[in-house]
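Consider the two complexes below, in which subunit A is the common component and subunit B and subunit C are the respective partners.
Then we have the complex of A and B:
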């Protein structure tokens, strides 16, 4: 679906390159996360992938097309949801979707059905200027998938959403994946990446430092122990036990039988910690 | 079909932002003004008004529309659809030319009467409006604020007003013939006086060349200064 080889890019007039030879591929139906702090080059990479920046070196192929040669017909096949959900403020929610829908020649979704799906069924006739940021984000998602794109690019898709709507958005993204859509997410929210992405790439200073699945990273770089917090009289105590052979670990079994356990967690690494260990940088 | 849809939504956008209501009011004021102008000066005043307002309305209107679009950040969403830049520019030029034509005919018919040569008059309004609309889009692509746009629009449009001096017999009239707006004055003047066919042709050619140049400039400016910034959100300070 997406094949990138030796991608380099320098903005016109800039003395230094922003991207220094990126290589990666993303398969059909995969959710791929680009993680990095501001200024790392992830937005530049996304702009190249959506066809906005064309003066790059190397090769960037999406859906079999080299992007420096694409026409606007490319947008019949990809969907883009930017971090800032911008619409015609004096048009209603439905007018906005109908406007964008009218610009495609491929079959499109029924806007009413999409709005119902994202919980905006009652806001169809609201002017966009009346919507909250969270409602605009959901509308933004509807706009991006109106034409049933094969590849979907989402920039900070859960930004500005409350936990309920963030969950809804994640479910919708997973639904798109289940339908075979390839999704590329650009974010610095590790939790969303952990939950959604099949693979993530850490990008810093225009270079990819690591690509792997979040689960594998968290397991491999974490400690294979379980930490138990328990109540010992008035005192809150904690102990760690190796996960290997824990079912036959007498000390562990004795502890959980003898004391009231308050929490018990395996000690895999967090994606944020792995990012810092790998890149030496924080995500903010 | 896509260009037609872009045109329909542009008209709806202008209507929703109250541009048409304001323009009906402005046109009515012009008719009232012409009612009180002495018959000796009425036709020349009407020509000036038609040139500077229905004709050049695109300068303010297109700038205002694109500034509103920048403020609302809609270019980000619009140009990640199959919409072509030439369709976007065409929709702007045609939607504004339609207001110009209705307004120019309204002022002409209400204040003076039917134009002597309706076709050249209408072509004059349409092409002059398109010229200023495209010029305005080229300017607004460079502007980062409303004040910046107002300042730049005066600067860039001033040369196009030079042929107006010829209406008052000021300066060498032959020099004005290289300006596209001299073609506007010839075509708009056809509302009130007989014009030779050669003169019509000259006016159409020089004005069309001006429109083509303004289109190329607007296209390049928009491509380099607006489309290259896609993804950065609303862009107005």
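Then we have the complex of A and C:
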């Protein structure tokens, strides 16, 4: 679906390259996350994949087309949701969607039905200037999937959303995946990536430092132990036990039988920790 | 074509919601109505009252008012582009089948086509100057001015307020016909940097029977307009990047 080999890119007039030979493959129906701090090159990579930047070196194929040679038809097959959900502020929600809908020649979704699905059914006739950031983000998502794209590019899709709407957005993205849509998410929100992505790539200084499923990364880079917090009289105490053979670990069994346990967590790494360990940088 | 229709519908909707944009369309119509129905009665009244013959300056008036039409069409488009640039909507259009190129094409052809159409109606049916084939020179040149003005505003204004301020600067364009009609020979050279100098000069030469010279002036004017368009386009592209 997306095949990238030796991708390099330098902005015109820039002394050094922004991307230094990226290689990755994204399959049909996969949700792939590009994670990295600001300025790492993830937005540049996305701009190349959506055909906005063309002067790259290497090979970038999406839906079987080399992106240097795409025609406007390419945009009938991909959907893009930028981080900042901009619309014609004086127009209503429906007028905005209808405008963008009319730019496609492929069959499109019924905007009213889409709006219902993202919880904007009552806002159809609201002017966009009246919407909150969260509502605009949901409208932005509707615009990106209006034409039933085969590949969907989303930049910070949960940014500005409250937990309920962030959940709704994640469910919609998972629904798109279930329908066979390939989704590429660019984000620095680790939790969203962990919940949504089949695989993630950490990009730093224009290079991919790690690429794998969040689960594999977290297990591989974490410690195979369980940490138990328990109440010992007035004191809150904690102990760690190896996961291997924990069912027969006498000390562990004695502790959970003897003291009231307050929390018990396996110690796999978090994506954020993996990122910091790998790159020596924080996700800001 | 389908995309152009969608954008045109969108522009009409925007104009109906924004009185300033609406004025840009009504302005050329007002110019036409003034020339067609009010210019002659006004000149009779002025002559009777002040013994000044306005009709002897009809060609100057025609050229001066012709300058207004692309100015309004260009300013209207420039303000629309500023809005779309500031709202980052051009980036969204760029990732639809319209593409960024299609958006530019539409945005530059719209004021050009509008200016050409309205100027043609104005010159053909205004009724204050004789219709002659050389009218095509000012018609084509002024039509090329509209996209230059639109790009100039979109490239150099930081926002819509600055765009309005810059559109007032475009009032300098009225100096072009004034120089051609009222300033003696060598001093007219000052005007060659003004794009509006060239349509008036080619028209005046044609009206004086110097058809060959008028064609040459038109050619130089056309090349100059293309150069201005190229410069404004580069400036806008740089701004967008």
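List of remarks:
The rule is short, and it goes like this: the second predicted complex is superposed on the first by the 284 of 284 C-alpha atoms of A that agree within 3 Å, B and C clash if a C-alpha of one lies under 4 Å from a C-alpha of the other, contacts with A are read in each partner's own complex, and residues count from 1 in each chain.
Heads up, the rule we're going with is that contacts are C-beta pairs under 8 Å (C-beta built on N, C-alpha and C of every residue); 3 or more make two chains touch, one makes a residue touch a chain.
Just so you know, these numbers come straight off a predicted model, no measurement behind them.
With both complexes brought onto subunit A, simultaneous placement of subunit B and subunit C is prevented by a clash. Applying the stated contact rule after C-alpha superposition, one finds that A:155 touches subunit B and leaves subunit C untouched. Of the two partner chains placed by the overlay, only subunit B lies in contact with A:83; subunit C stays clear of it.
In the superposed model, A:50 lies in contact with both subunit B and subunit C.
Shared-chain residue A:100: touches subunit B and subunit C both.
Taken together, the two complexes place residues 50, 52, 72-73, 75-76, 78, 80, 82, 84, 86-91, 95, 99-100, 102-105, 143 of subunit A in contact with subunit B and also with subunit C. Residue ranges on subunit C touching subunit A, taken from their complex, read 2-3, 5-6, 9-10, 13-14, 17-18, 87-89, 91-100, 102, 241. Put simply, subunit A touches subunit C in their complex at residues 12, 50-52, 72-73, 75-76, 78, 80, 82, 84, 86-91, 95, 99-100, 102-105, 143. Subunit B contributes residues 1-2, 5-6, 9, 12-13, 16-17, 72-74, 76-78, 80-84, 227-228, 230-231, 233-234 to its touches with subunit A in the complex. By the touch criterion stated above, subunit A contacts subunit B in their complex at residues 43, 46-47, 50, 52-53, 72-73, 75-76, 78, 80, 82-84, 86-91, 95, 99-100, 102-105, 140, 143, 155.
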